[in-house]
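First chain written, first letter: the chains are A, B, C and D, and each begins at residue 1.
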Amino acid sequence: MNASLNLRQLARYPLIPVIVLMAIGFELATGSFVGSQNLLGIATDSATLAIVAVPSALLVISGYLDLSVGSTYALGAVAAGWLASEHGGSLLTCVLLSLLAGLAVGAVNGFLCCVVGLSPFIVTLGTLTAVRGLAQQFAPLPLTSFGDSFAWLGGAKIAGLPSPVVIAIVVVLVAGAILALTPVGRHIYAIGVSREAAYLSGVRVRTVPFTLFLATGASAALAGAIKASVLGAVQSGTAGSGFELAVLTAVLVGGVALTGGSGTLFGVVLGVAFLGILQNGLTLVGVPTFWQQVAQGLALVVAAGLAFLAPRLEALAAVRPTAPRRAAADPEPATT
Amino acid sequence: MNASLNLRQLARYPLIPVIVLMAIGFELATGSFVGSQNLLGIATDSATLAIVAVPSALLVISGYLDLSVGSTYALGAVAAGWLASEHGGSLLTCVLLSLLAGLAVGAVNGFLCCVVGLSPFIVTLGTLTAVRGLAQQFAPLPLTSFGDSFAWLGGAKIAGLPSPVVIAIVVVLVAGAILALTPVGRHIYAIGVSREAAYLSGVRVRTVPFTLFLATGASAALAGAIKASVLGAVQSGTAGSGFELAVLTAVLVGGVALTGGSGTLFGVVLGVAFLGILQNGLTLVGVPTFWQQVAQGLALVVAAGLAFLAPRLEALAAVRPTAPRRAAADPEPATT
Amino acid sequence: SAPSSTKASGDKVAKSSKDVDTIAWDYPFTFLPVYAGVAKFAKERAKEKGVSLEQTNDNGKPDVQASNLDTLIAKKVPAIVSFPMVFEALETQAAKALSAGIIWVTYGGTLKNQSASITFSFEEGGRKLGEDAAAWANQTLGGKGKVAFLVDDTIQLGIERTKGMIDAFTKAAPDMQVVGREQAIDPDTALTKTKAILAKHPDVNVILGITDGAAFGGYKALVESGRSETDAKTYVGGQDGDLGSLELIKKGTFYRASAALQLRDIGNAVIDVPLAVADGKSDAEASTDVPITLVKQGDALLDEIIAQYG
Amino acid sequence: MALRVTGLRKSFGGVHALQGVDLTIEAGEVHALLGHNGAGKSTLIKALGGAFHPDGGTIEVGGRSYAGLTPRQSIDAGIAIIFQHLSLVDSLSVVDNIFLGQEHRRLGIVDRRAQRAAAQQLLDRLGATSSIDSRVGDLPMGQKQLVEIAKALSRDPVVLVLDEPTAALSSHEIGALERTVRSLQEQGLAICYVTHLLGEVERLADRMTVLRDGQVHVATSLAGKTRRDIIEAIAEPPADLPPAGPIHDADPPQLLVRGLTGPGIGPVDLEVRPGEIVGLYGLIGSGRTRTLEMIFGRRARQGSITVGGREVRRATPRAALAAGLALVPGDRGRQGLFASLTALDNALLPAQAVLSRFGLRRRRAEAEAFERLAASLAVHPATPNAPARAFSGGNQQKLLLGRWINGILPTTVLLLDEPTQGVDVRARHEIYKVVRTIASERRTAVLFASTDPEEIVALADRALVMQDGRVLGELAGEALDEDALLHAIHQSDTDIETEVQSDLQELS
């Protein structure tokens, strides 16, 4: 049973073998990929991505989408950095202000998309643009000199792990528990598959995604604050620029469908790891800039291919199960 | 009948009154909005957007999506610019090479998304990244001195109109004719609404969107070549950067649903005009940079609101029709 | 002293600086911190001179830049100061502006068609940094050690700075081993990339950044990896003259130099040069070249620029 | 009184779906809500379930009066609904669907063990065979329908509303459902039952309310009412069916299937002669849908398919269509309808290319074709430009039939999967007539699957009985009657079905 289970898990998460192969390849090529310093470095860099990718993934599973996270990140960084540098804000007040800023953006997005019912893509593209403008207007020049209290957020070690990694782990565990164990977890999927069916079943089809918008906004701002703390500086014009695409890529590469209703957090964590390792490895190997871009583009295509293969492989692996744990997805699209 | 028809058209395209209001506002504020030079300027600048937004809109209607156009634009510009500057290529050969480059990208996207069946979002995000890398690898330094033959593409006047505008008009008319007058036009919608039902009805559910990927790729490359000709220079790193978002914004603001199956080309043309006029007006009025960003973001939100209201207004306007020309869309989602 | 409305500004050719009530400053890289710095001084100067300063929102996109310039020309602003993303690409706009009687000042370089220019050589800024770092490496490391470059290959000014920096360094310190050449203009990206470089080469001695933002990220990565902030065998340097970097230089850390733009001089020039043109000055008379200076610890200029940020 | 609806009104744009409807259902009563397609039954039920807010009128339930309900209010008031267009979530499992929105929980966490036990019990009670862990999206229609019913029952309702619950069920599950409904009735539930199958009305209902065009036409006790009375209340009685055309045994088969094999299917051999109508009968899951889909090329297959003497080698719908095959699929929502496209597009999508000239559509020809088709199938409303989603279930089905039965396409073999699901008694008759006519006049070979033995008897010249993916046997001529069909598939379960009377026998 265990062997067949493992095979199915592998089939379900083809990123696992890919990540292992990448790690082996990068280690062979450079001799310095596997090493606690490098791996911890990847984990720390990826932590902020994970912190935002997780609630974003829930949002996408529920059939919505938040593109504004790149700018909310900047706003959160600016809010925390401004309080820390201009007013000597303590860790707690800085984080609170940052979270408030993120919640505000999330509330606007959530209100427009869930309550009014506007298109999440256009609305959050709009707030992506507008919030960046606000952040730059508020803090046109770089903010620095944050003081020691705020430095703790990104720089502390907790049980030997960097604080961003610990925060990311907490976020993953909490979200994972909600998704797997609570009724709301089921509701998130149900809303994503059929908002109408969920509504008729008495599910709170506005409140649930609204809350996920709040969580995504708050997480993006927190990620910005963490990065500000790590760097000890914030540039409102560049902080988090393009972060929205990185987040969405991690979510989708991790096997969450943009159409909503499917995906797992474990997959998203793998997606984050995949991107972090790829970026790190390409730099380690010293691939020239433009070829790095080509390689990253191809990696996305490969990831799309894997996401496509996963249910098919899983169906194959399920051919001789003891008792099917989950029905395999339709292995056959309309045209094959 | 005419009055009610007009009312319905207005209700169906709420961007029309918005554009009129914007035009009046900008004219009152600056006194130089309405003027043939400024209006022609807007048209010329918007032409490239229209050229790409039109096939992209068909692609979105059919349920797919191409994010790679920003880089295909750069590749098309580089291909044409390189031939013109390094080999004194004629207008014709430059355009052909550019189109070929665009078709190649379109074929890759189309193959992966339509034939293999991978996720268009991830695949074209991948080609967006990879193709930019290739364009930069091929032409790391700016290309200039294209010669007179190539300058015609972007600089000629045809019947008093700048050539990019004429090309855009041709693209809109051809695509509009396909959509409205041919069976394939219906197939594009049908595939977007239900690929399975279309497949069972004998529609070519691979070939049609594949062809639209080709058209989108070719149009993006052509737009790049036109802009290269207009500017007289190409820089591979920045040409068309962010263009994919502008295109998608025009398409969505123009009332095409990201979920496929609905939208009109007239709406898309209005979406292009809306964005062009907004950009122009904000500069004309002299709104400070960061507030321009804020205003652009808010404008998107407003446009999302309009797209949301349109079917509702249309249903209202349709309450006393003589004979409904087209049924009102369902005025009410599950939860309102 | 408030300028008359933009509406009244059109339709006439400036015969003297009194006719110039508005200057449009078109700077495409508004996401860079330098922009805000220069803008601060340009606004102050504009106020002094009683002109209004308008800015564009090009967002790093060359075609948007061209569109916005077309708009400004159609609007007939009396003067345009433009920083072309791709220089040749704006010759048409410059020519159009001139023939419409608009003063055209090229920023950051020169065009064939222009009234005047405000120049500062990007290549030179990079070169000065590269030379200084190479001299330091030769002196401190005996010319043997490891160097990583944080570069920009995407925009023209970045390409020039990169070339100046790398060419100068590798020429003057040919035995230094180049262990990294990564695209990074902001601290976030630079931190990640430098960390990866350090995983393979924990002993990198020199990190040179295309911007101070990038160098700042590189600096952080070194510190995070355990390098003492005053390590004698480490050199980090950047370009632009961002406040955070200048403060590190002042503190005596291994962030040792920045090829600093003099924001106040440039900001003033954005207003002064077009006004000089309006007063009849020729291209040669009106144009200004703002030197890029490498600032290091102890330089008087260092304190001056820090003070400018106020 | 468990449920009282008074003066309920609802319009969609200009369509007045409900115009002041009254409906009262007592506890312990099974109340049939009847009416022609588009009469307003589903609209009434959706208002009860909170799918939208009515324009006027009141709904009294659980001692309170509402101007409109939200789904939560509806559920909390004890109304449980089995919607016509299922409210299931495809990617969730059977258990998760049954308890969606009403999860059993302990300390805020889903109590899976309790849910699984309860779900299994419900499915057993309904005679459903699907696993509680199956993804609902992977289930065939009939099993989905049972999950929907289990979901409603799981809520211990006071009022149970069933909107065409048996449309996709076979006699086996219908029997189980009817037993369940009876026992709920005995427990004092008020039950509102919508169906087009009048046998069910006769067997189950105490009273009926018949809607016509959004108004109550008749509301009466069923005591002493004949089948004919019910039919006349719903619609003008249909005309007689045309006689079956002659089938010449000597004609070579128009459709010849040999050794058709696929996952869980086959080998199947069958043939249909020109002008012949062959019915596929079996329990749900017996393989009829898959057989039709394999013939049409929707699924991978082995074996040979020959149409008019020429083998169709490629297993794709395009190849099938080119060979003269057409399929009206069984899953209307997913495989058939283009919900947001117009009625005309839905009915004529494949025909548009045939009608076009020089690659351009001919709108006038299309409009005329639509008009003809709407008339022959009694599509209501006959507006070509209304989106398909604005049509009632039965009328949507007619649009789909029209897609292939329009006289424009060169169809020589017509494959129909549950062709009259959700179609009212009169329109069903119209559809039989149309199918008979094209079989006899155009010599089209028809192969159809149905779960309704009445339908098989009414329409088929010959019936093939399927079980476990194979053809068990064949019934034709005198031997083809409902008893024989039922007997052929399950000897043990014939107790209720022997009561079944044929609507159409009565009619003719």
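What to note about this one:
FYI, a residue touches a chain if its C-beta (ideal position, glycine included) is under 8 Å from a C-beta of that chain, and two chains touch if they have at least 3 such contacts.
Please read these numbers as outputs of a predicted model, since none were measured by experiment.
Shared contact partners of chain C and chain D, listed by label: A, B. In terms of their C-alpha centroids, the spacing between chain A and chain C amounts to 34 Å. As a whole-number value, the distance joining the C-alpha centres of chain B and chain D reads 43 Å. Look at where the CA atoms of chain A average out and do the same for chain B: the two points lie 30 Å apart.
Chain B and chain C have Cα centroids separated by 34 Å. Listed for chain C are residues 30, 153, each touching two or more other chains.
Shown for chain D are the residues in touch with two or more other chains, namely 51.
Touching of two or more other chains is recorded for residues 136, 140, 196, 199, 289-290, 292-293, 296, 334 of chain B.
Chain pairs that touch, as defined above: A-B, A-C, A-D, B-C, B-D.
Of all the residues in chain A, the ones that touch chain C in their complex are 30-33, 35, 37-38, 41, 45, 136, 140-142, 144-145, 227, 230-233, 235, 237-241, 279-280, 283-284, 286, 288-290, 292. Per the touch definition, chain B reaches chain D in the complex via residues 181-183, 185-187, 189-190, 193-194, 196-204, 261-262, 315, 318-321, 324-332, 334. Interface residues of chain C facing chain A in the complex, by the touch rule stated above, are 30-33, 35-37, 39-40, 151, 153, 179-183, 185-188, 191-193, 195-200, 202, 213, 216-217, 220, 224-225, 242-244, 247, 309. Against chain B, in their complex, chain A makes its touches with residues 112, 116-119, 121-123, 125-134, 136-137, 140, 195-196, 199-200, 205-206, 245, 248-249, 252-253, 257-259, 289-301, 303-305, 307-308, 333-335. If you check the complex, the residues on chain D that touch chain A are 49-51, 71-72, 75, 81, 83, 86-93, 96, 100-103, 105, 108-110, 131, 133-135, 137-138, 151, 299-300.
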